[in-house]
Structures are given as structure tokens and as C-alpha cells.
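The structures considered in this document are given below.
One chain, chain A, links the two complexes that follow: it is found with chain B in the first and with chain C in the second.
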Partner chain A sequence: MTSPAKSTWAGVLRTPVGAGAAGLLAAVLLLAVLAPLLWSDQASAVDTGRILEGPSGEHWMGTDGLGRDIFFRVLVATGLSVGLALLATAVGVGAGLLLGTAPMLLGRRAGRLVTAVVNIAVAFPGLLLALFFAVVFGVGATGAVLAIGFALAPAFARLAQTLVAKVAGLDYVAAARIAGLGRLRLLVRHVLPNIAEPLVVNATIAAGAALLTFSGLSFLGLGVQAPLYDWGRLLGDGLSSLYVHPAAALAPGTAVVVAGLAFNLFGEAIAKGIGMRTTPVLLRPRVRSAPAARPAVTGEQEPVLAVDDLRVAFPGSTPVRGVSFALRRGEAVGIVGESGSGKTLTALALAQLIEEPGEVSADRLDFLGRPLLDLPARERRHLLGTSFAMVFQDPMTSFNPTQRIGRQLAEVSEQHDGLTRGQALDRAVDRLQAVRVPAAARRAKQFPHEFSGGMRQRAMIGMGMMGAPALIVADEPTTALDVTVQRQVLRLLDSVRTADDVALLLISHDITVVRQFCERVLVMYAGRIVEDLPAADLPARARHPYTRALLAAVPDMSTDRERPLAVIPGRPVDPADVPRGCAFAARCPLADEQCTSADPPLVPDEDGRRVACWHADAVTGLPLVAEEVRVGE
Partner chain B sequence: MTTLLTGVRPPRGFTGNAWTRFAARRLARLLISVWVLVTAAFLMIHLIPGDPVRVALGPTASPELVEARRAALGLDQPLWLQYVHYLGGLFSGDTGTSVGTGLPVSEVIADRLPATLELAGYAFLIAVVVSVPVGVGMAVLTRRGRRRKTELAFTSTSVVLGAVPEFLLAVGLVYVFGVQLGWVPVAGRSGLGSYVLPVLALAVGPAAVLARLLRVETLSVLEADYIRTARAKRLPDRIVYFRHALPNALTATITVGGLLLSAMVAGTVLVENVFAWPGLGTTIVESIIAKDYPLVQGIVLVYGTAVLLVNLAVDVALALLDPRSTIKES
Partner chain C sequence: MSELTFEGVSVRFGGRRHGLTAVDGVDLTVPGGSVVGLVGESGSGKSTLARAAVGLAPLHAGRILLDGEPVRRGRRSRPALQMVFQDPYSSLDPRMTIGDSIAEATPRRGPARRAEVTRLLDLVGLGADRARAYPGQLSGGQCQRVALARALAGDPRVLIADEITSALDVSIQGAVLNLVREVQRELRLSLLFISHDLAVVRYVSDFIAVMYLGRIVEYGPAEAVLTDPSHPYTRELLAAVSEPVSTGEADPALRAVADVEPADPHAPPPGCRFHPRCPVGPAVLDGRDLCRESEPVPQGHRHLAACHFAAGR
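After this line comes the complex of A and B, so read on.
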């Protein structure tokens, strides 16, 4: 059995970039070892008769100022260039590890001093540090190795510090410490093995950087000195004759780039393999489904929202498969369902916020009597901007962190009602007051991070009230909040609704919340409405087995706190792979032949309640689930 | 005595304002960094194994000459006294005398610094002006797996361009535009044309890196909840991208941009040497080889200070852009 780490490395080698980089790196390393052994003589053979010649059959890349073969010189220089770069990297990693683990080895106070110095040194670019150390260690190969090594050290020290800090917090390291293991042994035995992988990856990338810096120093005349030569040296020598003989400079230059890339790409490929293990998205065949049932809305009053056969499709799946319902002024309707049931996508589709590659289609999608899908973009923008309010799930992330709350509210009115900046801000303060944000004028000048979660959600509702909303769609508005704040926010929504006769569409996974704050409940499963009934009918008159399962999963006062929460057995349907027949069949205790062969239509009864189940009438008499769970106040 | 000590308590209002605290903290850090830098520059000479004067004058110099030079440089005094003199000199603007030319170091620097500043300044400007629209544009164009081929072309080009070190790019540019096409001069600093290649050599890499980073940052910002909120407000795309997305995408970009700018300061050293640019970079290499230590010290201080100032600018920009960052640190 291979360890997960190993399989990652192997996996990286199987990707085209990873394999290419590994092959290139192997070739560079092989050349570094072999070239000096094989071709040193050819590379240093002086031929004064053929100085600065162009490429020929004998000398592929021509000759240099002493008539030496440039091709062989570049090959042989691989040894010194790569070797010295690796040496410098080793110095850098070693020194970095010493500095980085100093806080652990030396104790807090000395460690802090080292950390402070490292933090300052890290700010300086490597080449500057290398120049500094080149002065100290003198001009030449040894000096350059030390210079580049020490120049890499701060970055590795920083890396080692971070990694060590992470590992030191792990349980077994703490245990080993308590067991009295010495600091050094703790470090060598328990910490280093755990941080080896990222260190090696970073060292590989750093080796590429060291190679480039080294050739830079040699190029400047501060690194390898004649008669030795590396790529940088060759490049520096070749530059002066660039007009006569470009290959002398371009060949070593290309070699540096290729070798540098080899280290770099390999390191990055491994890093990527370790960091983000994403499985490629498998494209599944498109699902064709039966047309959905028509809504059963009686037209006594023009609805705020009328939806007929709403679908949301993505390449490979259709997570919303024909949703139909209507909302009257001032009505509160809840949509419940597990995550993945399509309720949030339904909300986003209503709000016209589905983005590419998602596609929204509907036989009818009317808001305030106007067809949203056919409206010109300008009109639609104005209509939705003034009358359609959205409240999102997570108030922490739903405000722009770089802008003041007041501004974020105000821009709505600036945009849609043509208010000036000042007027819009006044309105924003007024709205914040309306949603009971204390000291609204001061608060409007604050940034989102200065607001508590509940306050932010209220500000979000206030943002929806900048215009004159006819509909508020609230998508799990309280899920991210504390229990105590949840009620406040829901009550605020409720009072906004009753005060201004605003329709409310409340989306939630929590059927008790929906029951309490809504008049009607839509239950969604696998992208469809499976039941539509008055909230007052819950729980007793729920007819769909899924609705009843949701009710049964609700904990109440009588539920034993020690026992795990009741959950609905089985897993929700994958929208990319909806089964034939009733989508709930796999989890339904009543499923039979008919259920798995044909999809039950959503049919209304005489009271306007709708249900999509072949055995709806058989259900009402049954207990909610195998054991009775009361759902009460 | 006691009254004096109690009087040292920090003023009250100091703790009240996040901005004041930020400024104070940042200023303290700058001062400490400068002190470390100055001390490092001072110690540089003393860290050289053996006698720096002997190293500079070579093994053939007579002991009397070495002694005389030591005395002239003040190297015969105790270390702490030399340190005090060095610091005192810096405060009064005296950075020593170049051994090679006999000119005051400050004069040499004043003479050479503008050329280097111009180079780095133009290069950075171009890198930013090119990378911001390209990066944001590519993000918008290639969102959610659209235009896969464009994305691939962009990413691979920018990876390669970002990976080629500036001095090799410089050599390549000299070859193509100077030798092959003969469009622009390839050495020295005379006239507008002579700026083209050195500035390009410095700008291309950072521009590629920044553009790639901005694309990635913008992509992730465009998926953020607050962008959805901005869309739900039905703001025009222009406002969504520039008022809501860009400032948030810039925070990481400015951090990296600062690193690139400091790296560019160092990169000038190499590029100047390719183009025989009469700036600090050519001077420092000459003086390192000539072992003109006072001049090296002076130039190291200039480069170091430049880097510290860049870092300061980055922190201030971040604080202005992202109000959370001022709070986070405290």
C-alpha cells in the first residue's frame, strides 16, 4: 500500500506538466553529472585558428574568443551551474532551518529576537542579500555559494517557522513534549519528518531561483572566476561579442532558462499536487425529464410573482426541474428541503442571478405582472433594483469588506432612483433606523467588519428596503446566525412584510421556522415541488412521505438530547443523475413498482393544496416515522 | 526622578484611534528596520574575513601603506567607537569617501541614483498599467471555464515570461531589437530610445506575474458573496467590476506588487550591467570588484532604504484599501 504522500507524487508524475518537468529535470541533472566527465577536453581545447567563428559542422554553435567550442562549453558548464546552485540551496535550507527552528530550540526570548531579524531580512530581495554577502565573502565561487545560500536563508527560516508552529500544535507532538522528550530530539524525531515534504518542494523551487541568481552573479563577474566557467560566466563573456557572434551569449542564456524552468515547474507541479487535490469534473449525460404539473393558482388578485415550469440547467445536470407557484401581495411562503433540493437555485433564478453556464427557462416568470425573461435589460434592471429585495445566507461575506455600510446601501438609490450621494446616504441612514440598527448615522460610516452578524443581516434587509420592495426573497437568512439573533431577524422580516404588504419568500432547511413565519409551505425535493400546503396543516395533514420525513427529523422538547438527531435515511438525489420514476423512491418506505416506473405529477386537490405522490392518500393516517415524534411548540 | 518616569506614560488618546496606532506601529517598525540596515552595512566590512584593507590593497602593498589606510578609514579604532562615528557621520550626511575616486560617497550616489530611479520607476509604471487591465479582462473573459484556449495561451505565456530572469530577457531583447532589427540603441543612456530596452527588460516579467495574479484574484473575488449582493442590487457591470471587485482583488496584488517592486530594485543591478546604464547598479558591481568598501556601504544603504520605503508604501496602501488590515495587526 502506498502512503497518500507517495501516491500524490506519483499522481503528479502522471499529469502532462508534472511528467514533462520531471523529465526535463532528470535530463538536466544527468547532464550536470555526465557532461564534465565526457566533454571537458573538447570544451577547453583552444584553437587560435578559429576564433569567433559562426556555427559549422565541426562546431555546432561556433567558437569563442579563444576558438573553443561553445556547444561543448555550454554542456560542460551544466555541471558547475547546477552543482553550485544545489550547494547554495543546501546552505540556504540548512541555515534557514537553523534560524527557523531557533524559537523552538532556544526558548521564547532568544527565539523572538531571531524571528524579528528574519522578518526584516525576508523583506529584502534575494539578489540584494546576495550582493551584500558577496562583499562579505569575497568575489568568487565560494563567496557566491555562501552569498546565495544566506540570501535564501531568511525565506526558509520563515517557512520553517510557520511549518514548525503548525506541527508543534499537533496532539502527538504535545504528548511527546509532556513525556519529557528533549527539544532537539523532539525536533528531529517528530517535527522535521512532518515538515519535510513542503520543505523539499520549496527547496526545489528555490534551487531554480538559486540557479538564476548564480548565473546573475557570475554574469556580473562576482561569481565563478576564470578559468572556471558556468553559464553566467559564458553569458557575460559572450555578451561583448553579441553583434559578431550571438550564439555565444544566447546558448548559455537559453540553458539557464531551461534549467531554471525545470526546477521551478517540477516544484510547482508537486506543490499543486499536494495543495489542491481536485478531481476532474466528470461530465454526465443530460437528464431529460417529464414535464411538470401546472400550477393551481386562482386569479382572484394579480400575483406579485407567478412562476410556471421554471427550470435551471447547467451543463450535465438540471438541478431545478419545473417549479410552478405564485405569490400574492403580503403573502409569506416558505420553501423547505434538504441542501441540494434546488431551493437556493430557485431563489437565484427568480432573482435573475444565475450566471453562465447556468441557464434559466420558464413557461412563465412574471414579476409584478411583467415577464422577466422577455423584458429589455434596462427595464428589468430598474424593476428588480427597486422592487425585488434579496437577503442572503451569510451576512459575514455578503457585504463588500472594503466599503462602508452606508455607501453600500446608498448606491442602490443612487443607481435606481437618481438620488445624489448625500440624499442616498440620508435614505440609507433612515433605512438602517427602520431595521432597528442603533445609532444608525454613526453605524452607516462603519465597515462591515465592525458590525455583528445579526446587525449585518438587518442592514442587508435595510438594503433591500432602499427602494419600495414588493417581494423579499430571503435565502436561509438566519442559518449563519446565533440562535438568539435568529428570532430577531425573522421577526424583523415579518414586520417588514406586514407593515408594507411585501410578499416574502423564505427559503430554509428548517421546517419549524418556515411553519412559524409563513402561511404556505412549498416542499422541494430533487429540483421539484413535491408538496404545497398551508402551514397550518403541518404536521398532521402533510401527505407527502418526504414532508413527513422532514417533520420527523425535527427535534423537539421531548426528544432525548443524548440521542443523535433523527435524520432522513438515505442520500439526496444527485441532480446530475435523477432516477426514473419518483425521485424519492429510493428513500421512501411506501415505494412500490408504480413509484419507480412513473414520476407522480403535482396534483391540486379541491382546497388548492398540491402533492406529488402516488400514495399520498395512504400516508395521512400513518405515524410520521417508525417511532412517533411529536412536533410541538 | 519618579515624576520624570511617570511622565513617560503614553498619551491617552493614543490608544483610541486605529489609524494613529497603525501609524505609530508602522513608524516604529520602519525605524527598527533602518537601524538593522545601517548596522548591517556597518558590520559588512568587519565581517570580511581577514583585514579588509589588506584585502583591498592586495598582498603586495607595504605594511606601512596598509596601516596608513587603516588609520585614514578609522579602522584602527575600537569597534564601538567606529560604530558611533559611522552613525554620527550618517546623521550629518557624511557617508564616507570613495577609495577609488576620492569623491564623497554621497556625491557619487547623487550622480548615479536618478538614472536607476528612472529605470525602476518607468518599468514599474508600465508593468502596472499593462497588467491591471489585462489581468482583470482575462478574468472576466475566462470566468467559469469559458474560452479555455485563450486562458491556456494567456497562462502559459505569462508563466514563461514571468520565469525568464530580467538579465536574460535583456540579452534576448538586445539580440532581437538591437542586433537583428537595429531599431533602438543597446547601451548607455542617451535619448528616449535608449530607455526602451532596459525598461522593457525590467517590466515584462513583473507585468506577466501581476497579470496572472490579478486574473486569479479577480476570479475568486467574482465568486464572492458580496459580488452576488452587488449584482442583486442590479448595479451596472462597470460598477460591479471596478467598485466592488477590483479593490478586493488588489489587496493580494499590492502585496505581491510590492515584492516585485523591491525585486525590481535589485533587478536594475543586472539590467544596468547588460546595457551599460550609468546608474547605481553598474557602480556597485564596479566597486565590489574594486573593493571600494565605503562606496559599497553607501549604495547598499540606498538599495536597502528603497526596499524599506516600498514596503512602507505597500502597508499604507493596504491599510487604505482594506480597513480590516489596520485592525488585524493589533
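After this line comes the complex of A and C, so read on.
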């Protein structure tokens, strides 16, 4: 079994930039080691007969003031240039790490002092520090190494400090601390390995910077002294005769650029490789046009939302596999499912928020009678902007933290209804009042962070009500809230629904909440609806084994405390690997051969309830709590 | 069997002026071999109380006693209190195999250590072959089992479980709850079980403590607290899990109280901390100004409730 980090490094090498940078860096390092061994003699061979000659077949880059071959001198100088840069980086990283980890090792008071020192040091520009130290340590290679090293240290210390603080706050470090591990062992075993990646990346980039700075110091005469030579000194020598003999300056210049690029590109490539795991790029949705629409289902009343065979596909997996349902005006419907069941993706697909590379398709996706997937983008935006409201789980991330709440609400009306700024703001205050935000006029001027979680969620609902919504989709709106606040938000949603006849789609993992709040419940498993029934029929008349298992597995206020909870064996289905047949078969006590070979269709009964199970009729006979208790997953 | 006692425990964060008293003078006892469920909303200080018990948060005042002795902590002494955390993924070092994580917490050395890891993995229902897996290769429920095994590795006398099921899928949650109960009964551990979910707490606990803004407002045997809640906050918590959501109260005063924002822990209200939100408090009923002025102390004949009008409502 490999550690998760290894695949990242391998992944970096597979990208063209990563492979190129790694190759270049390897070449530079190889040259740094071999060139001084192979060509030192050629580089120092004095030929007074051929002083300051231009490039020729014999001397590719010409000769210098003593007739020495510049090409070989540049090659040999790689050793000293790169070597000293790496040495300086090592000094910088070492000092930075010491300073950065000191707060954790020394405890609170001494740690604060170190932090303050680092904070002050970071404020000085690196080159200024380098020049200062160069004067302090004296002119020469040693002085320059120390100067550049110490100039790098503050930035590195700050980085290490931040990373250490982040990891030190995690639970596994707390657990190790409870177990009695000392500070040094905590640092070495748990903290350093987990911050190594970003540190290595920054050290690589810092090496590039050190190389450039070192060349600069040598060029100024503060670095390497004769008879030693590095690229900076060669550049300085060559520059004096730039107009007569440009190759003498260009060759070391090019070498500095190439080596600097090698370090920086490699660092950037790794950083990108590591970053890719955490920050996916959000793009506007691209919607594949739907297949020809089927004739509309006839009914006495046109539904607010009609969905038929909705699919959401990503490369390699199809997390939503054919979802069909309809919502009437003023109806409250809940979608219940575990993580990975596709319930959130269904909601995002309805709101046209599926990001690249996801694709949405449906036989029918009609909102207020208009096919969402076929509308021109402008019309679709207008329709959704005015009649569709979405409430997300985390209201902190759904508001812009730098804008006042009132402004953000007003923007909706300015965009879609063409109200003036003042009118829109008045409406925003009015809507905030409608969602029972106390002192709405004052609070409209506040920023999102000044709102509590429950209040933010109210403001989010208020934002949805800036238009005249016909449908509110609420994706886990109360999961981040406390039970009492959760009730306030649900009550508010319910009053909005009944007052304006708005249809409501509540998505939740919590079957208890959905039961308390909704008229109808859709149970999702592995990207499909497996059961659709009135909330009042729960728990007694649930027919799908998964629904029944879910009800039995969650304790409520009447659960028998003396008996173990029923357990659903196995794990939820991985959307990338949905088995043949019924997706629940592997965890189902009733599964037989038919279940593993064919996926049961979602069949309606005479009361309009739907269930997708080959054995739906056998299920109601089963006890709600499984007799046999299985430990293990 | 060991008894864990909190005596007037306070935990403060930050400076004198902008500080926050997360836990304010809490007295709480976890009787030996029994389970005390601690409920409350986020910001009520329940997790801070737990962290204080294991030494992760500094005590501002009060004492934490184990069988009457102050809890001793040090590099050499065996940790008598262990804790299981909420997030199964962040509570395990992603760079260490789970076997190493568990081994680190056992006091044993040498070959006995391997055997101990196997025994513990077996105890929490995972195969010994899993010892070489990394946390990233396990499901959330399995990680939580590993975290439990690691906590048990130190042979603790008291276990603290802080929201251990709230990050898990519902179908997995039941298995972890069963396991915790089984282990607790088998090893006769004292357990402080923290959760915001009253139904989960009811299922696991022998005693229930309800916390609000840094104070314990009600404490007693589980059955007594649930069937005869004395504090209005407890009654509200119970209503939230058992009654259907309705559009709201007809009485505007009651409705206003029901919509009040939770109090800011940085500036707790004077008097009874629950009074701005209390449906039987001064905002709704006349003549209850006492709640604004003086803070009630826990009292009661069957179980403790910190409310001036606990008996009369």
C-alpha cells in the first residue's frame, strides 16, 4: 500500500510542464556535479594570444581578457553557482524551520516572542536583508551564503509557522497529545511529515531565488571573489566589453536564466500538482441539449417542475442515473439519501449549476412549463433568477463576505427586474422583514460575518424571495444549524410556502427532519429514486428495504434503548462503480438472483406511490428493526 | 470503574476585556461505569468542557477529579482519560498506517505491542490485516472505529466521545453507536457522551446533562429528564426532535420568542441566560422579572434544573 503523497509526485512528472522542468533541473544538477570535474583544465587554460575573441569554431562563446574559453568557464561555473545557491537555501530553510517550529516547541510565552521577531523580519525586503548581512559577514562566498540564507529565513519561518499551527490544531495531534507524546516527538512524527509538501515546493522556488540573488551579489562584487568564479562574476567581467564582445556577457546571463527557470518551474509544477487536489476550478455549467422532448404528461394542473429521466454524468461516473418526479404548486417534497446518493447533484442540476466537466441531460426538465435545457442562456438565467430560489447548506460561503447583505439582496432585483439601486434596496429590507430578520433596515447594512448562522440562512431565503419564486430548493439548509435554530428556519420556509403557494424541495440526509416537514418523501440511493411515498406513510407503509433500514438505523425518541440499533451492512455505493442490477442488492436481506441481474424499475401503485424493488410486496411483512444485528461494515 | 467529577470548572479564552467564558462554573459528575450524555447547541461549551478534561483547554477555575484525585497529566503517567473526536478523517494522521497510530497510544513495547494492536482492531470489529492501511483507504465509519481503538489502547478509565457520529452517514452511525455501547458495557468504562442530537444521546445515556451558554441547566437520570423535563430549554430541545414543524405559534409573543437569535457567548444576557428565548420567561409572561435579575441555581427534588420556575412553569 502506498502513501497518498507518492501518487501526487508521480502525477506531477506526467504533466508536460512537470516533466520538462524536472528534466531541465536534473540536467542543471548533473552539470553542476560533472562540469568542474571534466572541464576545469580547459576553463582555466590561459591563452594570451587570443584575448577577447568573438565566437569561433574553437571557442564557441569566444574568450575573455586572459584568453580563457568562456563556454567552458560558464559550464564549470555551474558547480559553484548552483552549489552556493543550494547551500544558501539550506541555511535559509534550516533557520526558517527552527524559527517556524519554535512556537510549538517552546510553549506559549516564548513562542509569542519568536513569532513577533519573525513578523518584524518578514517586513524587510529580502535583497535589503541580503545586502545588510553581506556587509555584516564580510565580502566573500561564505558571507554571501550566510547573507542570502538569513534573508530567506523569515519568509520560510512564517510559512512553517502557519503550516505548523494549522496541523497542530488537528484532532490527531490532539489525540497524540492526550496519549502523552512529548512536543518534539509530536513535531517529528505528526507535524513535519504533514507539512513537508508545501515546504519542499517553497524550498525549490527559494533555491531559484537564491541563485538569482547570489548572481546579483557576485555581479556587484559582494559575492564570489577571484580566483573563484560563478555566473555572477562572469557576467560582471563580460559586461565591461559588452559592445565589442556580447557573447561573454550573454553566456553566463543565459545560464542564470535557464537554471533559475529550472528551479522555479519545477517548484510551480509541484505546487500545481498538490494544489489540484484541493482547489477545483469552478466553471459555468455546460448543458448538453436534451433529446427530443416527449409529449407533456397531462394533468389537471401544470406542475411547477417536471423532471423526467434526469442524468448527471462526469467522466468515469454517472452519479445521477435517471431521476423522474414532479412538483405541484405549494407542495413540500423531501429528498432523502446518504452522501453519494446524488441528491445534491440533482438539486444543482435543477439550478443549472453543474460545473465542468459534468453534463446534465434529461428527457424532460420543465420549470413552469418551459424546457430549461433548450432555453437560450439569457432567458434561462432570467427565468431562474426571478422564479427559482436555492438555499445552500453553508450560508457563510453563499454570501460574498466583502459586501453588505442588503446590497447583495438588492443586486438580484437590479439585475432581473430593472429596479433602481434605491428601490432594490428598499425591497431588500422589505424581504428581510418578511423572513423575520429583526431590525431589518439596520441589519441590511451589515456584512455576512455579523449575522449568526440562522440569520444568514434567513437572509439567504430572503434573497430567494427578491423575485416571486415558484420553487425553493433547499439543500441541507439546517445541517449546519442547531436543533432549535433549525426549527426556526424550517418554520420560516413553511410559512413562505403556505403564504405564497411556493413549491419546496428539501434535500436532507436526515429522514427525521424530512418526515416532520414534508408531505411527500423521495428516497434516493446510488443516483436513483428508490421510493416515493407520502410522509404520513412513514414508517409503517414504507416498502423499499432501504427506506425501512434507514428508518430502523436512526434512533428516535421512541427507540428501544435495551436493544442494539439495526445496522445496514456494507458501504454506500461508489458512484464510479455502480453494480449491475439493483444497487442496494449487496446490502439487502431480500436480495436474490433477480436483484443482482436486473435493476428494478420505479413502479407506481394505485395510490400514486412509487417503489423500485422486485420484492416490494414482501417487505411490509418484515419487522422494522432487523432481528439479526451485524457489526462491521 | 472510575468517577469523573467537574467541580466549578471554568474555561476562558482570550484577554480580560474581549474574552469569552466558554464554560462557566460547571459542576458535573460522571458516575463510575455509567454514561452521561451531554447535549447543547454549538457554542454552549460542551466540547470545551471535554477538551478541558483531557488537558487540551486550560482551566481558568475549578478542578477536575478522577475518583476524588486531581487528574494527573505528564509524559510518563498513563493517561486515564481518552477522547474520540468528531471528524474521523482529521483525527488520524494521514501519513501513518492505522496500526502505527494505535501502537503509538499503547503503553506496551516490543512484540506485545503487535498483539495489542491486533486485539484492539478485533475489539472494534476490524480485521488485523487492516493495520497496514492508511486512513485515506478507510471509510468514515471505519476511521471512527480506529479512533476508538486508539483511545482504548491507553487502557483509559474514562472515555470522552465528542460528537463521534455527527460526521457519519446515517447508515453507518448505528453501527458506531452499537460498538461504543458494547465496548462501554464490556469494559465497564465511564463515558461522557457529547452530542447535539437528543435522540442519539437518549439511546446511549444513563444520565443526561443539558448545557446552555456555558452552564449546565438540567441534569438527571435519562428517563427523568426526558419524560419530565423541568427546564424550558430542555423542553424546547425535546419539541424540536419529536413534534412536526408547524407554521408557528398563534400567540405573537410566543412567536417572537421562538424567533429570537441565540445569545452571543461573548456577551451572555444578565440573570438567567435563557430568558430572552424563554417561552415561560419575562418576554411572554408578566411578573417574571426575577429571570432578568438573578441567575437560577440548579435545584430540584427529582433531578436538577437551573430555572426559577422549574416546578410551577
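Going forward, the second predicted complex is superposed on the first by the 400 of 633 C-alpha atoms of A that agree within 3 Å, B and C clash if a C-alpha of one lies under 4 Å from a C-alpha of the other, contacts with A are read in each partner's own complex, and residues count from 1 in each chain.
As a convention for this text, a residue touches a chain if its C-beta (ideal position, glycine included) is under 8 Å from a C-beta of that chain, and two chains touch if they have at least 3 such contacts.
The model shown is predicted, which means the values in this text are computed figures rather than measured ones.
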**OP:** May I ask you to decide whether A:Pro534 touches chain B, chain C, both, or neither, giving the answer as first, second, both or neither?
**Re:** neither
Subject >> Which superposed partner A:Asn264 touches (first chain B, second chain C, both, neither) >> reply: first
**OP:** Considering only the touch criterion stated at the top, classify A:Pro579 as touching first (chain B), second (chain C), both, or neither.
**Re:** neither
Original post:
Taking the superposition as given, does A:Ser339 touch the first partner, chain B, the second, chain C, both, or neither?
Top reply: second
Original post:
Given the touch rule stated above, what does A:Gly140 touch, chain B (first), chain C (second), both, or neither?
Top reply: neither
Subject >> Touching partner for A:Arg487 - first (chain B), second (chain C), both, neither >> reply: second
**OP:** Determine, under the contact definition given at the top, whether A:Leu127 touches first (chain B), second (chain C), both, or neither.
**Re:** first
**OP:** Look at A:Pro604 in the shared chain and tell me whether it touches chain B only, chain C only, both, or neither; answer first, second, both or neither.
**Re:** neither
Original post:
So which bits of chain A does chain B touch that chain C touches too?
Top reply: none
Subject >> Residues of chain B that touch chain A when the two form their complex >> reply: 32-33, 36, 40, 44, 47-49, 55, 143-146, 160, 163-165, 167-168, 171-172, 174-175, 178-179, 224-226, 228-236, 239, 243-244, 247-248, 259, 262-263, 265-267, 269-270, 273-274, 284-285, 288-289, 293, 296, 300, 303-304, 307-308, 311, 321-324, 327
Subject >> chain A - residues contacting chain B, complex >> reply: 116-117, 120, 123-128, 131-132, 134-139, 212, 215-216, 219-222, 235, 239, 242-243, 246, 249-250, 253, 256-257, 260-261, 264, 351, 353, 355-357, 381-382, 384-385, 390, 392, 394, 397-403, 408, 411-412, 415-416, 447, 449, 460, 463
Original post:
Can you list the residues on chain C that touch chain A in the complex?
Top reply: 41-42, 51, 54-56, 74-79, 81-83, 85-87, 90-97, 101, 104-105, 125-126, 132-134, 136-137, 139, 141-142, 147, 150-151, 153-154, 169-175, 177-179, 181-182, 196-200, 202-203, 226, 236-248, 258-259, 261-262, 277
**OP:** Within their complex, state which residues of chain A touch chain C.
**Re:** 1, 3-5, 170-172, 174-182, 189-190, 193-194, 338-339, 436, 438, 452, 454-455, 482-488, 490-491, 494-495, 498, 509-512, 516-517, 549-550, 553-557, 559, 561, 564-568, 571-572, 629-633
